[in-house]
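You will see chain A twice below: alongside chain B first, and alongside chain C after that.
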Partner chain A sequence: MSRWQYFLRRVLMSIPVVIFGTTITFALIRLGPLDPVSAILGTQYNPQAAEQIRTNLGLNQPLWSQYFDFMYRLFTFQLGQSWVIAPGTTAYELIQVYAPRTIWLGFWSVLIALFVGIPLGFYAGLNPNTLSDYVASFGGIVWRAMPNFWLAIMLVTALSQTGQWTNGFFTWQTWIVKTNVVTPPALGFFQDPIQGFLADPGGWFNSFLKATKQIAPAALVLGSASMGNEMRIGRTAVLETINSNYVETARAKGVSGRSLVWKHIFRNALIPLVPIITGEAFLLLGGSVFVETVFAINGLGWLFFNAAINGDLPLIGTLMYIFILILVGTNILQDFLYTVIDPRVGYEG
Partner chain B sequence: MSTEQPTETRQKGEPILSVENVRTSFYTDKEVIRAVDGVSFDIYRGETVGIVGESGSGKSVTARSIMRLVDNPGRIENGRIMYDGENLLDKKPKQMRAIRGGSIAMVFQDPLTSLNPVYTVGNQIKESLRLHRGMSGKEATKEAIELLEAVGIPDAHRRIREYPHQFSGGMRQRAVIAMALACDPELLICDEPTTALDVTIQAQILELLEDIQEERDLAIMFITHDMGVIAEIADRVNVMYAGEIVESAPAVELFESPKHPYTQGLLNSIPGQGLEEGGRLSTIEGDVPTPNEEPTYCRFAPRCPKAFAECDTVHPVPVEVGDDSTQHQASCLLYPKNLSKEEALDVHRERGAKGGDQR
Partner chain C sequence: MSTQTETEIPLRQRVAENPQPALVWAAIGAVLVGVELGAILQVVVAIGGVIVNLVPGDPGAALVTSLQESLKGIPTLVSREFIPNQGYWNGSEWVGTFLGLSPGQAWAVRFVVVYAYAFAVLGWLWDGYKRYRQYYRRADWTPRDDVVNRFRGHTWGQFGLVITIAFVVMAVFAPALGPTTMEQNILQPYDYEINYFDEESQTVETALVGEANIGSGSQGAGDENVAPMTYDDYGRFHPFGTATNGKDLFTQVVFGARISLTIATVAMGIAGIIGLSLAMITAYYKGLADLAIVLASDSIQALPVIMVLILMLVIFQNTWVRDLYDGAVLIILIFSLVYWPFIWRSIRGPAFQVSEQDWIDAAKSFGQTPGQVMRKHMAPYVFSYMLIYASLSLGGIIISVAGLSYLGLGITAPTPEWGRLIADGQQYVASPSWHISLIPGVLITLVVTGLNAFGDGIRDAIDPQADTGDEAAATGGGA
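Let's look at the complex of A and B:
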């Protein structure tokens, strides 16, 4: 079986995973302890209205027919609407508003982790047991051990105080572009990026900078756990690769130091990093709920959290489905990276 | 089993490689390990020199020292390695890279892991061709295919696009040998190239090496701890023990009349004294000591059945022990045989004092 056939099979295999996950979601919503009708009505409960809503929601139908209905709608992306936190608004609209912030946050936290964690780890691995290795490794451990919430709160506090501390010399809020410390990033400029950029490059760039700065502290917090991980694994991977026989063989045939590192060491060292990198998506989904709350980034995590505590079941179902799609998508991305980097993928024997 | 090689295979003229009193030490946290301690030997064109010894006796470090591939915390501290009239230990890194793979190639023990798993076999052979012969593109591909064919890999033009995991162990070792031969080296160092292979494949690889050697007049330094393999392939044998060469002789002579008690032990430890393939050198009582100080005694003494009092106080130096040839040396206080014990001891004391680091 060729690598790409293997990859295709992995993609196909994700379909049952999505079906399974969605089914579980359905079960949790319909069979769980929350009654959507009472959640919607809240304190104004009366039997007549309840009956009305039941009929509207199709809750009087047999369960299997509700199930197929639920599945059919999600798979055809009829995502329904919110009933409690924003009654009457379609889930699609809500996601359009909230998702970009989360994606923006996720994008930067992955990027920070990637571009700080991996280079540091590789550097430490290439120079083992030197002072810089110790500094990097020690820093990585401390960084990783710092709890997210603590780091988040410290960062918010510290950044808010920079003005006082430095006597106005450096104030985070006014540094480069004016922003608040805790705020949802303004992502309006992404509505129509190409047009927007062409029309007013300076203004567009300014908004970009602003949105980046707004998200930076949260992204740093969210990315820090993965950053430490990537550093540690990157270091080990490089060390292992350096001591491998094929690197020795390459040296013995006269390959120069630079080519040795870039061609023979790095690509192999990336292989164990793939699941770490994609695993970040999982961390992100979990971490975003909390980090979005502290930094007041009203993103998907925040939306999900509110939907959950308010019992907005239709919205929960939809968001769960979206999360499942993200996770499965990440897994596919992981398989894709493996397939590209490692020719042994899909090889039996 | 072919012990019928001519005793006198050494050609006249300069040796292609001359290792002179080399010492390589590892500075570990605990101690300084003299992994190679004052080793000297020569290799001539077209000749196969075997290096035998138990695990840990310093064979691989010797090979690495020649290639200048000794890593931290290791250091080559003493001696000269003369190749082509020049001391390899004086070479700059860039000059050394041109020699590695270009003039001296090396094949490592484990064919399964000697090829980079993420590049095709062809890519890795072509890398050598590009580095040392400036070939690229179609020309390199053609040459790489020819090399694979030369080492007996069928269907080479297809194989060249395959990855190492698609090759069997024996084929991988052939590919590694093809890679080593890519730049027409004058000397091929093989560090236990067949240990990981089964007996039939092993025999094929040895045959391949012999053919290639004949074709190209290649000098081979062959490391193994398998006496059977040595009997098969070597013209001359150096026996290593705890960082030192304790006996050096033409292969036939070594097998017929081993002089050093260690060599005798090695040969006796092979069942039925037959030099069976796969005969390992593990049946002498005890282990190879880790050489961690300057030798003022015989390092084999704790395990030597013939040891006597002076073995603990006098360091044996290589002396001629041959019955008729002048190319058989052993480092043992029992020799030279034609002298009395006291006179022999004096020879070792005197030459040991002169020896040391100033060669």
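Let's look at the complex of A and C:
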């Protein structure tokens, strides 16, 4: 089987997965003990309003027809609307408002994790069993074991106190640009990036810096687990490639140290890192609930959490579907990267 | 070893031929059990009581209660009664504490005794294994010896083992470790009275525990703070200080360890059983069965774990399942349903490998049923792979449970939980009451690091070449 056939098969396999995953969500929402109507009405329950909502949501239909309706709407991207936390607002509008903050957060947490975790791991792998290796490895393990929400609380406190602790020498809030520690990032400058940049490059850059600084602590926390993973895997991968025969051969035929590290070790050591990097999607989605709660960033995780505790079941179903699409999409991306990076993929069956 | 041959001498006879090592071991064991006899019998009776409770009509309830009462009289080494630390200052000396020591010292003595006893028991078990291996085992060598020896050379894994044991001991001996009891300090503080020395009137006064708690909360500044390793105004010692509501933090932390570890191990156990059974079925029957499970597990794995947990906890919020053990039972069920695909994934490969072996064919042609083949000839082979994965995932569950409790969705009051303690002290981190949030978080980090290290050790010991152990599993889905 060629690599592309293998890849195509993986893509086809993901269709039933999306269907099945969405079905599980439907079953939870509709067959679970929580009645969506009383959840929507809450304390203001009265029979007429309940009947009205029941009709609007189609809850009077037989279950199978509700199911097909639910699936059909989601798969044709008629995403419905919120009923409790922002009544009448369509899910599209909500996602448009909330998603950019989460994407911004996710972008930086992937980036920070990559640019700290992998170099540290490779450094540790290239200098195995030295003091710096032990410090880096142990630090990575402990860093990874810290619960995100707790780390976030500690970081918020530490950053808010930097002024007092250093006697005003270094204050996070006023460092470079003035920001608060606990705040959603101001992403207004992304509305029309090119126009905005051309009109006022200095101001645009300033707001870019500001938004980055606002998100940096949260991104550092959210990337912590991935950073630790990338470090560990990076270290092992480098150790394995260093001791492999082809590196030995390359060294024997006189390849220079720099070329050996970059061409022969680095590239091959990247392969096992691919699933770790794509696997971050899970950590980012799950972690966003906690990190966004602590840092008061009203993004998708925060939206989901609030929709859940307020019983906004229609919105939850939609969000779940989006999350499943993101996760399945990342898995497909992972297989795609594999087929590109590693020529051996697909030949093993 | 499992097949009984004609020439094999039974273990009993082997011991009879050379009784000395076994006798020494048994004697030490008798002492260790003897000093804890009261506690052990109480546990047995308590379990009996639960079983009796299940029988309709409660025929033996009275018997159980009277037994429990009479057992309290047996002195036990590791108990609050033997080394009491809850006393009061009467102006010249401490009354009611162990040897008249201060409550803090008495508590420290008990703490040390608990851990000394626990490690003595473990050392005794280890010694028993060594004696068996040296004097009584028929085979000079088994493959398991290599696993044990590899682990003995794995410092990192041993570090993890020690940390893990420390937390398991904390969970098991939680009632004896706390400076006060759950019942008195946390559950029914208004049903208990304590004596304390009033500085102003220079007399011993009485107060309800609940009132004392109100007077010794940690809410930031100056007077309203009971820091770790200090006494409150009522002469009570607090190793980890108090929570915002004045309840003892250490007591909550040790009981929090109990619930966290229970959830993690039971959930992993159930997920392991499901994963292992399905792996056996898919490896044995292959084809359609395999495809169906691949689809089901892929779909469950495509769901974001934390979101599913939040959703299910919300959906079941007003049902009776949610109230069992303050939500722990529901959380365990959800975790087992969400985690089995990961376990199944990690052992599917080895299970397929073993199903291709000749001995499976042989067993089939001997007329063994599929169930027997799976249980006796396939499961033992893949079990170690499952152990690796499960041990690496325990930390992730502990973090997730703490995270959910932090959000107010996980374990509800009154059962203490680390995540809820962190939420409780969140706004005081920068104040003198920093201990409320910091200590539970440090403990979570410590236990997760320990469990991961232990898992690494198990992996390297069982299979030095193993590539299993999903890194993401150890991080609790991002909580």
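Note that the second predicted complex is superposed on the first by the 348 of 349 C-alpha atoms of A that agree within 3 Å, B and C clash if a C-alpha of one lies under 4 Å from a C-alpha of the other, contacts with A are read in each partner's own complex, and residues count from 1 in each chain.
Here, a residue touches a chain if its C-beta (ideal position, glycine included) is under 8 Å from a C-beta of that chain, and two chains touch if they have at least 3 such contacts.
Small disclaimer: the values here were computed from a predicted structure and weren't measured.
Colleague: Label the relationship between chain B and chain C on chain A in the superposed model as either fit or clash.
Modeller: Aligned on chain A, chain C fits beside chain B.
Colleague: Touching A:24, do we find chain B (first), chain C (second), both, or neither?
Modeller: After superposing on A, A:24 lies in contact with chain C but is clear of chain B.
Colleague: Once both structures are overlaid, what angle do chain B and chain C make about chain A, taking C-alpha centres and a multiple of 10 degrees?
Modeller: Angle at the centre of chain A: 80 degrees.
Colleague: Which partner, once the models are overlaid, touches more of chain A's residues, chain C or chain B?
Modeller: C
Colleague: Kindly classify A:161 by the partners it touches after superposition: chain B alone (first), chain C alone (second), both, or neither?
Modeller: Touch status of A:161: second partner only.
Colleague: Under the stated touch criterion, which partner chain does A:187 make contact with: chain B (first), chain C (second), both, or neither?
Modeller: neither
Colleague: Is A:150 contacted by the first partner chain B, the second partner chain C, both or neither?
Modeller: Second partner only, chain C.
Colleague: Could you say whether A:341 touches chain B, chain C, both of them, or neither, answering first, second, both or neither?
Modeller: First partner only, chain B.
Colleague: Touching A:268 in the superposition: chain B (first), chain C (second), both, neither?
Modeller: Only chain B; A:268 stays clear of chain C.
Colleague: With both complexes overlaid on chain A, does A:248 touch chain B (first), chain C (second), both or neither?
Modeller: Only chain B is touched by A:248; chain C is not.
Colleague: One more residue to check, A:256. First (chain B), second (chain C), both or neither?
Modeller: First partner only.
Colleague: Upon superposition of the two complexes, what minimum C-alpha distance (Å) separates chain B from chain C?
Modeller: When the complexes share the chain A frame, the smallest chain B-chain C C-alpha distance is 14 Å.
Colleague: Common interface residues of chain A with chain B and chain C?
Modeller: On chain A, no residue contacts both chain B in one structure and chain C in the other.
Colleague: Can you name the residues of chain C that touch chain A in the complex?
Modeller: For chain C paired with chain A, touching residues are 295-296, 298-300, 302-308, 310-312, 314-319, 395, 399, 402-403, 406-409, 419, 422, 426, 429-430, 437-438, 440-441, 444-446, 448-449, 452-453, 470-472, 474-479.
Colleague: Touching chain A in the complex: which residues of chain B?
Modeller: 67, 69, 97-102, 105-106, 108-110, 113-120, 124, 127-128, 131-132, 163, 165-166, 176, 179-180, 182-183
Colleague: Which positions of chain A touch chain B when the two form their complex?
Modeller: 244-256, 263-264, 267-268, 271, 341-344, 347
Colleague: Could you please specify the touching residues of chain A with respect to chain C in the complex?
Modeller: Against chain C, the touching part of chain A is residues 13-14, 16-18, 20-21, 23-25, 28-29, 32-34, 141-142, 144-151, 153-154, 157, 160-161, 222, 225, 228-229, 232-233, 276, 279, 282-290, 293, 304-305, 308-309, 311, 316, 319-320, 323-324, 327-328, 331.
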